[in-house]
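Before anything else, here is the set of structures, which you'll find just below.
One chain, subunit A, appears in both complexes that follow, with subunit B as partner in the first and subunit C in the second.
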Partner chain A sequence: MFKKKRALQSKSEIVLRNMVVTFLVAYMAIFMVIPIVIAFAGSFHNWNPLNGTYKWIGLDNYIRMFQYPTFWVSMGNTVIFCIVVVAFRVVLGLGLAYAISSRMVKSKTFFRTIFYMPTVTPLVAVAYVWKIMYNPQFGLIDNLFGLNINWLYSSKFALPAVMAMTIWKDFGYAVILFMSGLLSIPGDYYEASGIDGANAWQTFRYITLPLLRPTMILVVITSLISYLQAYVPVMVMTKGGPGTSTFLSSYLVYDQAFVKYNFGYASAIAFFILIFTAVLTLLSFKLIGEKS
Partner chain B sequence: MWRKVLGICLAMSMMLLLSACGSEETATYKGEIDTNPDKGLEVMGEHVTYDPNHLVNDGKPVELEWWLWDAPDLFGSIAEEYEKIHPNVTIHIVNNPWDGFWTKLPLALQKGKKGPTLFNVHNSYQHLLLTYMAPYDIDVKDLEQDFFTAKSHEIDGKIYYIDFGIMTGAIYYNKDMWAAAGLTEEDIPKTWEDFREVAKKLTIQENGKLIQAGFNYNGEFENLMQSISYQYGSTLFDESGTKPTITQEGQIKAVQMMLDFYDKDQVGDKDFGTDSAQSFGQGQSAMVYKWGHFYGYMNTNYPSIPYGTFEVPVVDEDPFAYDRYNGESTPGINKNASPEQLEAAQDFIRFYLANAEKQKSLCMNYSLFPANNALREDEDLLKNPAIQAVSEHISDYIWPGPMPATLGDNLKIAGQDIMYNGKSIEKTLKTAEDIIKVDLSNMDFVSSESLYHKYSQHK
Partner chain C sequence: MKKHILKYSLHIVLALVGIITILPFAWMILSSFKSNEEISALHQTLLPKTFTLENYVSLQSNFDFLRYFANSVLIAVIVTVLVVYISCLCGFVLSKYKFRGRNLIFGFVMMTMMVPWSVTIISRYTMFMKAGLQNTYLSLILPVMVSGFGIFMMKQDISALPDELLEAARIDGANEFRIFHQIVLPMSKNSISAIAIFQFLWVWEDYLWPYLMIDSDKKQLLAVGLTMFNGRYATDYGGLFAATAISIVPVIVVYTIFQKRFVAGVAAGSVKG
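Coming up: the complex of A and B.
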């Protein structure tokens, strides 16, 4: 009786497993693998699906990509954007998470909520509000600090202005992740370090930081991947300008595919970004993960 | 038990799905049957004529879908008037927002019969649409006699769409600021030299800080630059009409003049009112260079600002061209629509083109100079300041052709690089030219500049 019941249960589990796996495989195939294969093939074609153009041009899109000045500008901007925003996200996130987790701080839930609020606010809405705040004539930032800077139209300040908005929007996510990381560190370690006479900095440096490494890897890798795909803030705030000062590589893909309808060329750039992302991710794993 | 029920339901769903896949769709249209060919109405039009006294599709019901991106009531009124004459024809207006329209429309047209039968066209997207369009079943010569820009839309002896009106740039000025500066109608400048003096008078600075810009072209760099360089006689494309030529003397002089407005004359600033339309509406800028749709923008957003319009000043008394223009187009016809729909669509287009009154309403709405010669002297249209400003020299405005977006986009980027990033004019224009050249090499674009009556005088 018992055996029969187990067998039935096992059979239903197998059916459920097969259904779930089939669904996931189908989902991945339809929304990931097939589009990637189509895009890869498209990167070797002069491709405009809107008027049915699909003509083999070999490596022309890739050659054109490396010769296109905007491509190199956008790659440079993307690297700067990623390094600065990820660094600030990690430092701010870790700093604030550490501060909130301190025994001295009360109302932890309040701070958690406040810091997480920008993360759950729609990006387009945030970008529009910041765009108004950056206005040189009636914007909050210039008026508050008595400045006279046309933030979004200055080649010096436009990219930092977009980065500042992105940092503000996203640091809360890192705070929450680091807080959960801090909570998962057993108290015994801190007790032991206290007995050994470690000061606050030493405790942070030799206990907290190494034990937070998995969280750090998660934050850095997920941030890198998402910022290499960032284009919404640019589209809303600067449209890549002034000139090409704030062109990010993903915005270039968007511009080529959905504004100029050069889908083949856009696919070539997208593939380059894919490889670039993979390399950066591996490097990050190497650099941060080695010691863990 | 429930498994059996579920199994039966699934089997039935599959059968339904399979039967849906296998069935051939037949065109069935709802609506009235028209049995009266004699409508008792007069023939409309001059050369392109429309005789309403006939049956469309033998009076049997037929439905058309007409895709727009704007003014559904106005375009809908044309459809309604047509439906009154031919009650068996039903035209469904489908209004999509501009954003996404040019992605949705070609994809819908790829579906053949299932796509819209009629769709509004913007000439900058001609390269996406032409493969799906049927030529008008109207004599090309008749079209050219009635519509002065029709010739520029001829492709291999056929016409797929034409302009019902044309739009161009003009200077809009704030009348209160004009009067406060002691200026009168007599001071309206004809040349850029005079314009610069007027702009200086309209500029107000306090303690070295700009309070009121005499002239603001922020956000209009690419349009104003094209206007002035045409005045100098520099065309945007070479004689083949396929390669951009935006590094000529005229273009460089045009950009230098624009920079001088701000740097030498200090009548404006790149950082003062970065959106010149808003700045004018908010009463910060006395003069702006804008295209005809600005009239509608002001009436909608800033109705209390009193403003006038005058023709764009010129570099000398006899410029190569005053400015470029662009047309607002008549609808395209889906060549893959059913034969019944195609017959009705062709008939509707003839009605549309012969109906000067409806074209007048459209021109009024968009502040367009009418392309229909019958409306050239129309008093109501000439009361519109944007139309009035360009009416005197309208034949001296040039159309570069259905320019793909890459030209405007890259000139805009070049403008920002020159104005905000301090890059050199020559190098920046050269970069833009190279990029446009590469982008155009993948398209079948040929400029219409050579059709301009003074083309032989270009430099």
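Coming up: the complex of A and C.
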């Protein structure tokens, strides 16, 4: 209890501490705080670097954003994208982790290694491979299943096609997290539930699932944060099209900022995404935290 | 009996998912050895009918893809070394030294991990252009050399080192820099390799920032090179297969060799978190 306080402090300790603190504070100021402030100010300006415009227009960017149909379409797409991909990630991740962890499965490392493989591969390259896979003439998918669907050029199938690629790429991460979550549950719990005569489903529902809550929170929140920022698959595979059917909100920022050079407008959308991310993160903390 | 059925169906499901996971990679690699005629032929086969290296040869002679590859390796190595060293140093000070404002700084670093790229990238772009950093590798290194994820991992890891160990070294007269380099760094090998792996991959696949900053072909990185290739030779599917294979296969090879470290790193980050 009474830990002896070490008499502060050797000279080198003070030097090192000051070095690190100064560096971190300066770095965070220059590369995080100042950019955020500039972007926030910029969101109230008509800001176009190509013709050098930087003119105060008050809330116009925000008003224009809320009146812009593509903004709402992209928000809707983003919500669908997040719900579907996160749901698949959790269900597939948990299901496969549970299966691999089963005593009946021997080659655990083998399956784990394979499932995690897409996660470590570079997204731009993978998105190109999938783009060719969706080709209606010689793509793998139509040929394999005898279909004739022009996936990426159909407003009905393009978004699901991008989601399928994302699910394929990312489910392995959830498998690994849930496997390590399952490993950290002490065996006594299962023994106790066995003695109490619980069946496999009851054990899963009332023992495993509640104890996996921290892992669940981690998977859901890191997934949400990263999917709200997703733009690469859209940029490579569909460019938002056909029409606006695959616009995601972060792709909209990319499109407005670096294709159309509406910096002020893009900043307004970016701040909306920031607030949306924060709210969703808090909500999922609450929701998952209260279950059980 | 019931147990046998369950066991087999479990294995079948796992094997099926495994095949779906591997099939795109296999298809990409096999197709990269097909000629363009064969790729777009009406009748498709998985294996190439005539095996050819033409895609790789013409990719290199028309496009110098290996240069992008080498550039990416260079930048990824520099950034990874910097991130690992800075994360360890910050993690050491933030976990083992007690001082006012420590939690505030750490909390702030954590918060920055939540800020989407879209919020900062526009103003960073303007700042870097004004500072004349366009088309320099410094512009690719500066904004990523401090990693919230890395500092978080290292703080967790180093705080588990026993204080007595550091105290003993201090009594022996070692100064803090020596303690850091000779005790803390070597004892954090596992977390270091986890951070190194992730950081390397993030640089390897980063697209937008190098696309904005680098405007000479000779300096460009791999991910942007891929999109440039696709823009210029949109119908050269064989070339695109070869280019994607060059960007993906080395990662898979390294991953397969070190897969234990990869997995341990991800898992460690989650459990301690």
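Definition applied: the second predicted complex is superposed on the first by the 262 of 292 C-alpha atoms of A that agree within 3 Å, B and C clash if a C-alpha of one lies under 4 Å from a C-alpha of the other, contacts with A are read in each partner's own complex, and residues count from 1 in each chain.
One rule holds in what follows: contacts are C-beta pairs under 8 Å (C-beta built on N, C-alpha and C of every residue); 3 or more make two chains touch, one makes a residue touch a chain.
Computed from a predicted model, the values in this text were never measured in an experiment.
Legend: residue contacts after superposition of the two complexes on their common chain; A:271 is shown touching subunit C, with no touch to subunit B.
The wider contact with subunit A, measured as residues touched, comes from C rather than the other of subunit B and subunit C. By the touch criterion stated above, A:150 is placed in contact with subunit B alone, subunit C being left untouched. Once the two complexes are laid over each other on the shared chain, residue contacts for A:228 go to subunit C alone; subunit B is not touched. Residue contacts after overlaying the shared chain place A:190 against neither subunit B nor subunit C. When the two structures are aligned on the shared chain, A:132 is found in touch with subunit C, with no touch to subunit B. Of the two partner chains, subunit C is the only one that A:122 touches; subunit B does not reach it. Applying the stated contact rule after C-alpha superposition, one finds that A:258 touches each of subunit B and subunit C. In the superposition on chain A, contact of A:68 is made with subunit B only, not with subunit C. Across the superposed pair, subunit B and subunit C both touch subunit A at residues 49, 137, 258.
Chain contact summary for the complex, subunit C toward subunit A: residues 3, 6-7, 10-11, 13-14, 17-18, 20-25, 27-28, 31, 39-41, 44, 89-90, 93-94, 97, 99, 101, 105, 108-109, 112, 114-124, 126-127, 129, 142-143, 146, 167, 170, 175-177, 180, 197, 201, 204-205, 207-208, 212, 222-223, 226-227, 230, 237, 240-241, 243-244, 247-248, 251-252, 255-256, 259, 262-263, 266-267, 270-271, 273. Remark: subunit A residues 46, 48-52, 64, 68-70, 135-137, 148, 150, 152-155, 240-245, 258-262 touch subunit B in the complex. Only residues 102-103, 106-107, 110, 127-132, 270-274, 284, 404-406, 409, 412-414, 416-417, 419-423, 428, 431, 434-435, 438-439, 442 of subunit B touch subunit A when the two sit together in their complex.
By the touch criterion given at the top, residues 6, 10-13, 15-17, 20-21, 24-25, 27-28, 31-32, 34-36, 38-39, 42, 49, 92, 96, 99-100, 102, 104-105, 109, 111-118, 120-126, 128-130, 132-133, 137-138, 140, 143, 168, 172-173, 176-177, 179-181, 184, 215, 218, 225, 228-229, 231-232, 235-236, 250, 253-254, 257-258, 263, 266-267, 269-271, 273-274, 277-278, 281 of subunit A touch subunit C in their complex.
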